[in-house]
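Okay, structure first, notes after.
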Amino acid sequence: MARADGRRPDQLRPVTITRNWLAHAEGSVLVEFGETKVLCAATVEAGVPRWRKGSGLGWVTAEYAMLPRSTNTRSDRESVRGKIGGRTHEISRLIGRSLRACVDYKALGENSVVLDCDVLQADGGTRTAAITGAYVALADAIAWMRAKKMCPGNPLVTSVAAVSVGVVGSAPMLDLCYVEDVKAETDMNVVMTGKGDFVEVQGTAEGAPFDRAALDGLLDLAAAGCAELTRLQTEALA
Amino acid sequence: MARADGRRPDQLRPVTITRNWLAHAEGSVLVEFGETKVLCAATVEAGVPRWRKGSGLGWVTAEYAMLPRSTNTRSDRESVRGKIGGRTHEISRLIGRSLRACVDYKALGENSVVLDCDVLQADGGTRTAAITGAYVALADAIAWMRAKKMCPGNPLVTSVAAVSVGVVGSAPMLDLCYVEDVKAETDMNVVMTGKGDFVEVQGTAEGAPFDRAALDGLLDLAAAGCAELTRLQTEALA
Amino acid sequence: MARADGRRPDQLRPVTITRNWLAHAEGSVLVEFGETKVLCAATVEAGVPRWRKGSGLGWVTAEYAMLPRSTNTRSDRESVRGKIGGRTHEISRLIGRSLRACVDYKALGENSVVLDCDVLQADGGTRTAAITGAYVALADAIAWMRAKKMCPGNPLVTSVAAVSVGVVGSAPMLDLCYVEDVKAETDMNVVMTGKGDFVEVQGTAEGAPFDRAALDGLLDLAAAGCAELTRLQTEALA
Amino acid sequence: MARADGRRPDQLRPVTITRNWLAHAEGSVLVEFGETKVLCAATVEAGVPRWRKGSGLGWVTAEYAMLPRSTNTRSDRESVRGKIGGRTHEISRLIGRSLRACVDYKALGENSVVLDCDVLQADGGTRTAAITGAYVALADAIAWMRAKKMCPGNPLVTSVAAVSVGVVGSAPMLDLCYVEDVKAETDMNVVMTGKGDFVEVQGTAEGAPFDRAALDGLLDLAAAGCAELTRLQTEALA
Amino acid sequence: MARADGRRPDQLRPVTITRNWLAHAEGSVLVEFGETKVLCAATVEAGVPRWRKGSGLGWVTAEYAMLPRSTNTRSDRESVRGKIGGRTHEISRLIGRSLRACVDYKALGENSVVLDCDVLQADGGTRTAAITGAYVALADAIAWMRAKKMCPGNPLVTSVAAVSVGVVGSAPMLDLCYVEDVKAETDMNVVMTGKGDFVEVQGTAEGAPFDRAALDGLLDLAAAGCAELTRLQTEALA
Amino acid sequence: MARADGRRPDQLRPVTITRNWLAHAEGSVLVEFGETKVLCAATVEAGVPRWRKGSGLGWVTAEYAMLPRSTNTRSDRESVRGKIGGRTHEISRLIGRSLRACVDYKALGENSVVLDCDVLQADGGTRTAAITGAYVALADAIAWMRAKKMCPGNPLVTSVAAVSVGVVGSAPMLDLCYVEDVKAETDMNVVMTGKGDFVEVQGTAEGAPFDRAALDGLLDLAAAGCAELTRLQTEALA
């Protein structure tokens, strides 16, 4: 079963992580998974949302969006339509939850980090690229905070990376590009810590329902992919 | 590890499925998982959304909402706020995807079924109760369509049921009620067909990330729970 | 002039008032006028809206909504459309005004009660059923508050009930069901206190304008209907 | 009981009806009830809303709004807030229903008239002034249509006028100005045809509930007021 | 090159400025440039927007809107559409900036003036009429404030007037009416102080781009027009 | 008067124009004016908006937006706020008008080009950079269309470039960066064709009003700046 771009089934696309892509943000990364390009900006804000005030705990949140012409055909802006679509909401929430998994709120103090993940170009796997890049932007933002003595401790307890896996033409494959994603019978996004534990597992039967063996195979692939992404994050931050 | 209501870790809450709860809908079910009560209404509409016209294929979609006082403290109406929240969007999309997994679009013909799942009372597991009840409402609506000779074939290829599982105080537990859900370190919603395959697996580390063994334990619990719910659906439809 | 369901012109549909239908709300009622079913939930909130702070006075407000498939054909959710329709606004305001008529704000203290009236099934008269049921939910909520010593006095100065009347085929009729409502030349909603005074009179010529004699006849019918509903409310609260 | 401006209890404020106040509209009226000034514009549009197409019947609708500084203190624009308030909705609907009562849809043919009633200055009774003025604008628009041979018959079957009445300090009074309206225990808006029949009766107990005798007294006052307004409309159109 | 209404190319339409057109506003003007009629209301509010609190400085802002039937064909209300269009936003911002040019914030103290400019009838040049009229309303509002001793000094440092100019059929013309505006190749709005300086210059090539000589000719015309408007404002305020 | 970055008053910042920055768009440019970076994507769509159908003429439109962290402090997303701000509207409209000035609609045929200008990083002059870059993206998109034989003729009649000028500390300066823009007394954006004619002139007195001599000086600076930008566009397209 040959892949669209000649990769092995268990092979990631070329991944590049460019730090400090923006001048103003406390942390920023242009992350590329093949043709997928996501700009991740981490903004540090003193203070936390109202419902969390006085708790001594920090907060991390995320917003995901796609530029109108990041995709093959242009889509309308959500600002013009006047509302955010379900997919955008769902992915923003996923990114926020994922990044919160590597943060010690107490060590962060009553500060917030907002992670803006804007897809400049989309070719499948935008949410997993966003999580992988946002972690690096978050790490830089936290380093900036620590240099400013804003945090009572070290808020970063582990790292977080994400990858998509799927069954395409009965074969399990790692890091699907768009043409593979469209054909996938099962599609799974897996978020893992640098220690190899799961933060989020989201598997969906796009075509036929899948059995336990297929699920196990996909989880194995994803674990290997996340380990490789963790290595690339570490390298980038070195 | 005793549960809030004295159940065994692998035990469902009392489940009741009341068909034909509404007079007007083509299929309707009041489903109860303990104190959680969801009203599921299936509406049959001739025709399909614009993007699907002329395909010969049908469509199934879902909308989920909570009454303002279904919860312990009142929450504002989304109609009053003027926009649908991320959680609502996410769950509506999950229910729609789950129900589409049991439908043969070709056999449905160019007809649509809308599944409205309104939570009258919430005590954890509203989305899984909604999916479980919506399947029965959908089955009734499809029976109604077939009696009217609207469908070229039998659109129902399998059944679908869903249950939540989670790790509470280190112990894996089935069908979490609200007080358990709040304390859960890991929370997973699993949707399965009547044949025992997976339609959707969504696991989230609310507290500490989880390892493969914990994931496997939760999947085992969920599979047993879904099998029991499938049995109750079959009984209700008998 | 026979009625659709064989009732006498001056006869109410079977009315049932089920208290404590919900587990969480401070007062809750499922009220049924024939096939019309409205779930009324009363929520007690300490404090009042900003414009009323420091006045020593309480506040009562209401929100009305219909489930999408409460009606014969499905209607879109107002949350999905992103705005509340004129009819919804109008009825919410009517219910709020009506219930405020039986409350002594001073005796309530600076507390609020929100009355959520959600139509689960509609067969005409949803707003009058809502008012009639909401009164019982409000009475229960106020009893709950008094048990908690939240109120400086007894805020309930009278009771409130409502009924629709109309001219159908030249004949005045009480408590119109949907098929009668559609054919009515004149449609009137009347809200009265338990003492027999008027709180609100809203009469509309749907077909031909009506004269004073017709108006008088309808008011007589309504007064008798409200008296009967007051009796049923008293019974339910006993 | 002296009135704020020295009027007798059964006396209207000075009413002026200025036709053709706008250059573009097919009918337009600046109507003044004392200090209340409403600009009513009637727009003729060929065709009817989608749901009425092919019926051979016309349609009349209305929109009401207040300029931000029509009132004593400035209120925010509904366009800026992004949504129409309940009161605006309610009054727009009332004006539309009222004007439809004097129109024969069949004689109108498949044409629409939109009545825009914009309050330039408010001093109580804006909705009743709007209805009274909108009738004259509608009559002019229909004359314009008939001159253009757009209508199969004469669509104007009667005239329509409206006035507010209320109980202020126990005394029934006609055509309340703002300071009276604020003090009114009971507030009623009555819409009547030129023939003396009722189109709409909306009475509200703002303070204490009211009895049948009070209601009867208010209806008498309103009938006399509407008859006088009908005379002024006829004069203006002569 | 004859003009639609027989004016000379450098001639304004008849301009009338009627002060105190509204009873409630602190300053109000009905300004007419030929058939264009704009109602300008100035509202004084103690305090400033949040971002300016504690600065000791005042604020002036403006909102522009058109009545639905101010134009030749009816346009939908922005409140009904639920959002403000780009043109409205642009003109509101222009009016606000223009009026702020004649105000000394320090002398105004921490007070705000809101200028509502509502177009009752449109025949070209609504934004320039609005600015010209709003200045007079602002001057009246400031006089009102000074009479109340609300201002630490005299906030009015100069006057402001505005006019449109354009190239129609190769000829530069002053104060375009609608039929001229539609045909204009170049369209320019110029805002000037009473001292003859520029506050805002907005020139747009509607048809062919324009050269420096054309620009210079239009600026000369506009300067003469603004000087004449300044004279009329002074007269009106005398 | 030294500039923030040591430039001469009549000197542009370093300008780079990178074509084909995106894989999917028919034309795309990353344009940089110093630290200001705008991504311009041109999308070709067969057909025109409804109001233009059947005219035989094409259409060009634009949308401008800023990423939340393109600026020094993060700003909320307009999609999250649910409405587009006045500034965004104003700039989108300016870009659209400017680009339409270089297009022959007839030669374009009934096709549309949408220009999306997304500010990735802002340091003053984002709208002028956007126009300058969008022209190049448009030229590429039109070349793509002509290669596909979509256009009846050559739609590109000239080129378009834009630059900001302003008076800072009494000195006229070209191409203001953010710190200069904030201090500018007068701020002007000028759009010119490659032939040296004006498309749009927008000058605003931010501080003191300006006289004709100052205006003339700014126009001279802008003309020279636009000529240099035209040269860079030509080079980029070579």
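Lettered A, B, C, D, E and F in written order, each chain numbered from 1.
Quick note on the criterion: a residue touches a chain if its C-beta (ideal position, glycine included) is under 8 Å from a C-beta of that chain, and two chains touch if they have at least 3 such contacts.
Fair warning: this is a prediction, and the values are worked out from it, not measured in the lab.
Peer 1: Among all the other chains, which ones are in touch with both subunit B and subunit F?
Peer 2: Joint contacts, listed by label: A.
Peer 1: If each step moves to a chain the current one touches, what is the fewest number of steps from subunit C to subunit D?
Peer 2: Contact-graph shortest path, subunit C to subunit D, evaluates to 1.
Peer 1: Compare the CA centroid of subunit D with every other chain's and tell me the farthest one.
Peer 2: A
Peer 1: Pick from B-C, C-D or D-E: which pair repeats the contacts of A-B, with over half of them the same residue pairs?
Peer 2: Repeated interface of A-B: C-D.
Peer 1: What is the distance in Å between the mean C-alpha positions of subunit E and subunit F?
Peer 2: 27
Peer 1: Cα centroid separation between subunit C and subunit F, in whole Å?
Peer 2: Roughly 59 Å separates the two chain centres.
Peer 1: Let me have the rounded angstrom distance from the C-alpha centre of subunit A over to the C-alpha centre of subunit F, please.
Peer 2: 33
Peer 1: Could you check subunit F for residues that touch two or more other chains and list them?
Peer 2: 82-84 - these are the residues of subunit F that touch more than one other chain.
Peer 1: Enumerate the ring members one after another: first subunit A, then subunit B, then the rest in ring order.
Peer 2: Following the ring from subunit A in the direction of subunit B gives A, B, C, D, E, F.
Peer 1: Inside the complex, what are the residues of subunit C that reach subunit B?
Peer 2: Residues of subunit C touching subunit B: 22-25, 28, 35, 39, 41, 43, 45, 63, 65, 67-72, 74, 77-80, 82-84, 88, 114, 116, 118, 120-121, 123.
Peer 1: For a test of understanding, state which residues of subunit D touch subunit C in their complex under the given definition.
Peer 2: Touching subunit C: residues 83-87, 89-90, 92-93, 97, 101, 158, 188, 192-193, 195-205, 208-212, 215, 219, 223 of subunit D.
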